[in-house]
Amino acid sequence: MSETIWLIPLIPLLSSVTLMLFGSRLKVSQIGILGVASVGIAALLTLLLAVEFMQNQQVIQLSLWTWMEVAGFAPGISFYFDGLTLVMMSVITGVGFLIHLFSTEFMEKDPSYARYFAYLNMFVAAMLVLVMADNLLLLYLGWEGVGVCSYLLVGFWYQHNANGHAARKAFIVTRIGDTAMALGLLLLFTQLGTLDIQTMVGEANRTWQVGATIPTIACLLLVCGAVGKSAQLPLHTWLPDAMAGPTPVSALIHAATMVTAGVYLIARTHGLFLLAPTAMTAVAIIGITTSLMAAFTALMQTDIKRILAYSTISQIGYMFLALGVGAWSAGIFHLMTHAFFKALLFLGSGAIIHCLHHEHNIFKMGGLRTRMPVTFWSFMIGSAALAALPMTSGFFSKDQILLQAYQLPDIGPGLWMAGLLGALLTAIYSFRLVFVVFFGKANTEPDKDTGWRMAVPLSVLCLLAMIGGWFMIPVSEVFPASDGSHPAHWVEYVSISVPIVGVLIAYLIFYSGRLNIDGLVSSTLGRRLGQFWLSGWGIDWFYDRLFVKPYYGLANVLKSEPIDAIYGLIVAINQTFNHWLSVAQSGRMRWYLASMVAGLILVITVAANLSVGVL
Amino acid sequence: MDGLNIPLNHILLVSSLLFSIGMLGLMIRRNIIFILMSLEVMLNAAALAFVAAGAHWGQPDGQIVFMLILTVAAAEVAVGLGLVLQVQKRFKTLDMDHANRMQG
Amino acid sequence: MVMINLIVILLVGGLLAILSERISDTMPRKVAMAVVLVDVLYLLICLSGMPDIIHLQAPVANDPSSWLMHFKADWIPAFGISIELALDGISLLMVLLTLVLGAIAISASWTDIVARKGFFEANLLWSLAGVLGVFMSLDLMLFFLFWEVMLIPMYFMIAIWGHENRGYAAMKFFIFTQASGLLMLMSILALVAVNHGATGVWTFSYFDLLNTQMAEQTAHWIMLGFFIAFVVKLPGFPFHTWLPDAHTQAPTAGSVILAGILLKTGAYGLIRFAVPLFPEAALNFSYPAMWLGAAGVVYGAVLAFGQTDFKRLIAYSSVSHMGFVLLGIYAWNELALQGAVMQMVAHGFSTAALFMIAGSLQERLHTRDMREMSGLWQQMPRMGAVAMFFIVASLGLPGLGNFVAEFLVLLGLFQVNVLITVIAASGLITGAAYSLLLMQRSFHGKVNKKWADYGLSDFGPREMSTMAVMMIALILLGVYPQPVLDVAQPVLQSLLDLTTIPTLAVAEATP
Amino acid sequence: MLEIGFFYIAATVALVATVMAMTRANAIHALIYLIVSLLAVAVIFFLIGAPFAAALEIVIYAGAIMVLFVFVIMMLNLGEKGDKQERQWLQPSIWAGPAILSAVLLLELLIVISQTAGPVSVTAVSAKEVGLALFGPYVLAVEIASMLLLAGLVGSFHLGRRYLERDNLEKQGDQ
Amino acid sequence: MNATMFSALAPILILSLTAIVLMIQASIKRDESVAWIITAVGFVLTLWGAIYARDYAQSVTILLQVDHWSLFFTSLIMIASLVTLVLSRDTFSPEGERKEEYYLLLVLSVLGAVVLIQSSHMVSLLLGMELMGVALYAMIAFPERGQLPLEGAIKYLVLSACASAMLLYGFALIYAATSELSYAGIGAKGAQAYGENPMLIMAGSAMVLAGIGFKLSVAPFHMWTPDVYEGAPTPVTGFLATVSKGAVFVALSRFYIDGALYQYNSLNTALVFLAIASMLVGNWLALRQENIKRLLAYSSIAHFGYLLVVLIALTYLDTGLVSQSITFYLAAYMVTTLAAFTVVSTVAGEDTAKQDISAFEGLFWHRPLEASALTVAMLSLAGIPLTAGFMAKFFVITVGIQSGLWGLLAALVIGSAVAIYYYLRVIFAMSKSTESTGESASHLEKLLALVLIAAILVLGSWPQPFIAYAGLL
């Protein structure tokens, strides 16, 4: 099995290429089968691999060929497989398979069905390469690959300019992070002479002291990449807009897999981060800040997908917090559980949107509980997990993060409290969503409930969202063991109770209406604040003024080529001389004679050195 | 007859004055006939300078060049006056400022 | 002789193409295609006779036998000018690129030339011949000759078959390149004169001139002459302004050749001549040169972003991309140089393909204005997909050739100067911005009703197969660039040995 | 010393006559001044020991060449109208610039000429000496000069003939 | 004078004889075509004579210096004269104008040029120049109609006579200072006199330079050039541009080299001014010129500016490379200019309207041979490799670099860069698509165009034999 690990990314890739080349000639059913089966096979192979790994706990390193070899720079097309990889691969192929299956029904009517699956398969392949890469350059290949697939899929419905805009925004904003990350790669290679992750970490530990400058800079650059890809502050703005893509795409890329690549990157290179405590602190602070910011924003959103998008940002903030405080496995654990429940929620919202004729506004839904039972239960379970209600998968992972954060010296309790606030908000907004959409009176009549191809993935994901918290992720070998100490019990109790309080608040406001916040909302401060949160803290507006507009302005100013003006000036000078001399060429003989005499005088003056006497 | 002790530079002074006057005439006159006359003055000035220099060195060469200048002057004037006739015929004027159809 | 034959085949082929127009209207293009293919085949056959192409030895300057091919014959012995052609790894890469892109260019202009087809194909072949000469000449005079002469057919291609503003563009192109060529001529002659003064021998041979001793100031000025000539052709900031006009106005095949090949002659000249002939002067000049490169990367990208003309946008993207080449060359270490060489090859394909798409659009829509395009994917999905491929290639997607090139350049550059690297890397972001904008404005977006019943035909088999060649090339370059690197490596190694720049540069850069 | 006095008188006459020739409006007047100037120069030639040159100056220059001018002036019949025009044209605004140029040129020539020193030779160069040189080393010059005159002849013939022919044709047309 | 001298004088004698035969023929029976044939035979024989005389190289009296160099240029101008002759045949008004005098004048003018080339003495310089000039005045004014030829001729006559006066006065000053009239004598005495009386020599040389510079149309003595070029019948313009200018330049270099004028630094400085002015002024003037003959006039101004660089370099280099460069440059320039005028003459003729660049539009497509010839000529004038003009420029730059004349080279680069524009404009105009159809040239003229293209390309691409030949001169 270990020798054929390369088949896992290859199969979706081949399927993708096939779909691109021959998609127009295949029947819809064939396309669906090809698209789903390829990922299915990959998932199956991953499963086999997992079984094998569970038995022998053996790390696999497989090098296919040397990508390039220049002056000692010799990254390979080579894979590295350990527990962390396994977790990621399982999520990708497993959740990916479910989402593919879901898509076959969701996208059935779309004329570009083949293109859709081609992109989606391509994405899976790229994502697999990302997580399986043995060196940072190959990881970067996957990293950019998923970026492009994300771009393609966000802008899948290219006829609408807004989608194109969102897609470009997604790509370019993440590219900013990616470029910083590339610089990090350059720095790491220049300093350590390799980009192989394992060798590099080893080399780094030999070369650098903890807290030295260079690893800090390198880690911060990597963090920039992670921040971009995982939509953390300050590069998170693309994610809400990326909801323009088909909903299964949002589920796969913008919830379950790609956006968590940053988390994976930091976890994968944790060996470096341990050398750079400053960077880790930065990660933690970025994480918790993002988490809170996004949670507040999610509270105000009305678009169902945007709520989920901000919630994703918020949840990834938790993962960053985990990474920042050194709770590596908690972070990865949350990554996994989040993949389950957030995919579930997205697919659920997809089902709603699908059945409600592309309605996104939650206040135009309502009362769907009875009409779409499968979806309702999916949402219930998903939201419970998202809110980290006890015994759901989200509970276990988030709990771990908060507890470990608390234990951090100095800023630990602060982080913990902020985390709690976030958890409270999460509970509020997730159940606001549930209450508004599924209870109350119906505003729109759905066509039907979901078909089996949508129902099955939802059900499986429900299950996973429920029980996912009981999984043991095999990463103990990968990360350094935590010290195992536990904080005081009250901390734990508080952590458990906060989400429940949140759900209650949501219930009071949005279901029973006992708690009337209209006054609060309609007060000046409330309105302003609401508006502020709705707009995502004005960050988009701010960026637009600070970067986008000036760049457009610059491009517009330069469009006429100021440099060319210099050459234009040269031309003008020549033309001026031409003009003067042409005027002198008047055709009058007397004038010609005068010029000759003047010339003669000049020549005599110079030749006989007369100027010396005159001057 | 023997020559006299006339300083060379005095003769050259006269010739340069003649040359300059001829040049001036050339530049200010518009009538082609006067222009040709001015040219003769200039050539004559050069001839004077040659003869003087020849006399200065006691060589016949100066006078030979003078003779050749005469020849040149004759030939030029012959053709020049031929052109004058044509100018009068085709331009109906001898004003050279009118002969400026080509310019630029 | 092989090298002479390669050139002569193309020259004669041009004449045949003219004559063949008398047979039938479509004959010239077939003849031209056949000629180029024959040339490729001939080269490949001759190469297959060589023992082991991949494990090339480093060509030793004074030992012609260490070169892949070498030919020398007297030309103007009075001045020590000879017909000296030689082929090493880099030349070989460039020659192959030239021929392949030549074939692609012919395919690109298969249908869009309506008048004077024979003369068109002849010009195309002749400019290819000139470019081959540039890539193979080792005699500076011969190099200069090819350098200048290849421009004339190019001039005609733009001036006769170009678009609406062709006169201006052709003139600008020619004056820029010729004026800078004049500077190069001065530099060549100055170099030769210095050598003549030192040794008493007239020679234009590269080998003889390599070790010319001269005063620092002299070397600096002579080097500058070469530099400007090459950078104008490259084109580097701020000498690039001829390029957008020329590329935009040229017919498709002209743009393909201009962007794909002609620009590379500038880079080739820098690698082959400007640096090795004046190592110290080049070292002293490396920082200004790199700043120019970085400026080109950013400036080109920003300007590309502002364009509304499809071809103009691509043209500016070339400015940006060739900035990387300049950076790579003046970082002058193996990584960066390999990156530069890779960029030359990869950019050749990606930009050629984009120009071909632009040409196809122009042929179908009779406009290049992106404001009039929109949603073309709807009607031409194959073209859209192909465009998408090359756009992501040009924005440097890993796995495709351009990424390898840019990354290697940055990697090499990083070792020399971090700040410039950061600025250059920002080109990756701006690059994404304009590339995606291009896609958005033309193929994506709302479907423009104007074209709805225009009967737009998608790419046919000929176009698709041409494109496929370039796609495959870019993918191979992206995932397994090693053959190219291997071919270039010994040459670069020997060039690096000739100069002591890298160690010095690194020593300076490291604080 | 008297002879030297003659030189200065001749020189003055030549210069004054030339200036007059250059400034006259009437062509014939100018021509006569010019002839006076040439005669004065001939005197100078004589005084500096070039009698042969003096003779040629009178015979050919003042005689033959100037007659050509007279001839043409008469042919063209330049009358009162021409005089008036000429007076109009001789405005200060027209000659101021050229005068400055000429003055500067003269100044330069004077500076240069002031460098020379010494008298002209005391012995005259006789016609015989000139003749010997002319048909000795300069014999080819004589031949070429003949060709030059031939060219002048042919040229003026061609131009003048056309003038006359056309004149006749026009007259015939009038009749 | 002895027999070998007569052999050495073969070209001059044959030309003189041709002139006489023409006169006799005219007096017997005036027949244009016979006169043409006599002239052609005379020219060919002169060409042979120039080769024949190579074995008898010597100085003939004090006036003429017959050596390989001058004989080479004699052959060159004979070729140019032959071309002029061919072009002259169909020129001028077709209404039966008699042209016998024209051929006679042409022969006399060529004779003057040959004398000029072989001159080693002030007198022969003067006579050669005047003979050439006087004949040219009449040739320029030869057409019986129109004001332009007349205007050109009168301008040329007056200005040229003024220049001659300057030249003469300059020689008088030199003579006054040195007592010498032959170049060699001036050179020898000048070296002695340098200490005592240099100013006279320098001022005199400056005036000579002005006089000769006028004939070469070096700025600021250039103003007549376009008007005369435009006014003159096209073959005469070609003659003026090649034979006249070439011969005068050879005479100038003779004078400069043998007279050892290069030793006067200030004179050299003056020459530098003239050269720079010519390069810039010529090219700037040509920039937007519409009339192709005027354009060629301006271009010639610039070209003689380039050529002056070589003379200036004499101060720094020995004469070997310099004379080689002059030889090559003049040969290249003449061949190129002849090609250009051949095309202008056959395509535009004497019609001023057809001399506009715009009138050449589409020439590529209906008269490819002529268009190719003009293209090659323009490229050669612009100095594009593979053409004679490039090799010529190569020589100039080499010489300039060897002498370290950076200022001049800078002007050369600027001038050449500007020049590319207007040369290309002509080519671009020809490549435009138009519908007009032109009449075609005679076979002789087509052959001529072909031969000239070949000559330009051979000189440019395989100059070695020629260089070797020029090196032996």
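Remarks
As written, the chain order gives the labels A, B, C, D and E, with residue 1 at the start of each chain.
In this section, contacts are C-beta pairs under 8 Å (C-beta built on N, C-alpha and C of every residue); 3 or more make two chains touch, one makes a residue touch a chain.
Since we're looking at a predicted model, the values are computed, not measured.
Common neighbours of subunit D and subunit E, listed by label, are A, B. Top-ranked chain pair, ordered by C-beta pairs in contact, is B-D.
Across the assembly, the mean Cα position most removed from that of subunit B is the one of A. Of all chains shown, C has the CA centroid lying nearest to the centroid of every protein CA atom.
Across the assembly, the mean Cα position most removed from that of subunit D is the one of A.
Measuring from the averaged C-alpha position of subunit B to that of subunit E gives a distance of 26 Å.
Spacing of subunit A relative to subunit E, judged by their CA centroids, is 77 angstrom. Once the centre of each chain is set as its mean CA position, subunit C and subunit D turn out to be 70 Å apart. Chain geometry summary: the mean Cα position of subunit B and that of subunit C are 65 Å apart. Among the residues of subunit D, those touching two or more other chains are numbered 97-98, 101-102, 105, 108-109, 111-113, 116, 138, 141, 145, 148, 151-152, 155-159, 162, 166. Listed for subunit C are no residues, as none touches two or more other chains.
Of all residues in subunit A, those touching 2 or more other chains are 582, 585, 587, 589-590, 593-594, 597-598, 600, 604, 608, listed in ascending order.
Inter-chain contacts occur between A-B, A-C, A-D, A-E, B-D, B-E, C-E, D-E.
Within the complex, the subunit E residues that touch subunit D are 1, 16, 19, 60-64, 101, 104-105, 108-109, 111-112, 115, 123-124, 127-128, 130-131, 134-135, 137-138, 141-142, 144, 173, 176-177, 197, 199-200, 203. Residue ranges of subunit C in contact with subunit A, taken from their complex: 237-238, 240-241, 244, 299, 302-303, 305-307, 333-335, 338, 375, 377-378, 381, 385, 388, 392, 397-399, 403-404, 407-408, 410-411, 414-415, 421-422, 425-426, 428-429, 432-433, 436-437, 440, 443-447, 479-482, 485, 489. Touching subunit E in their complex are the following residues of subunit A: 574-575, 577-578, 581-582, 584-585, 587, 589, 591-593, 595-596, 598-600, 602-604, 606-609.
Of all residues in subunit A, only 20, 24, 65-71, 73, 77, 115, 137, 140-141, 143-145, 148, 151-152, 155, 158-161, 164-165, 167-168, 171-172, 175-176, 178-179, 182-183, 186-187, 189-190, 551, 554-556, 558-559, 561, 563-564, 566-567 touch subunit C in the complex they form.
Residues 122-123, 126-127, 130, 134, 137-138, 141, 146-148, 150-155, 157-158, 161-162, 164-165, 168-169, 171-173, 175-176, 179, 181, 226-227, 230-231, 289, 294 of subunit E are the ones that touch subunit B when the two sit in their complex.
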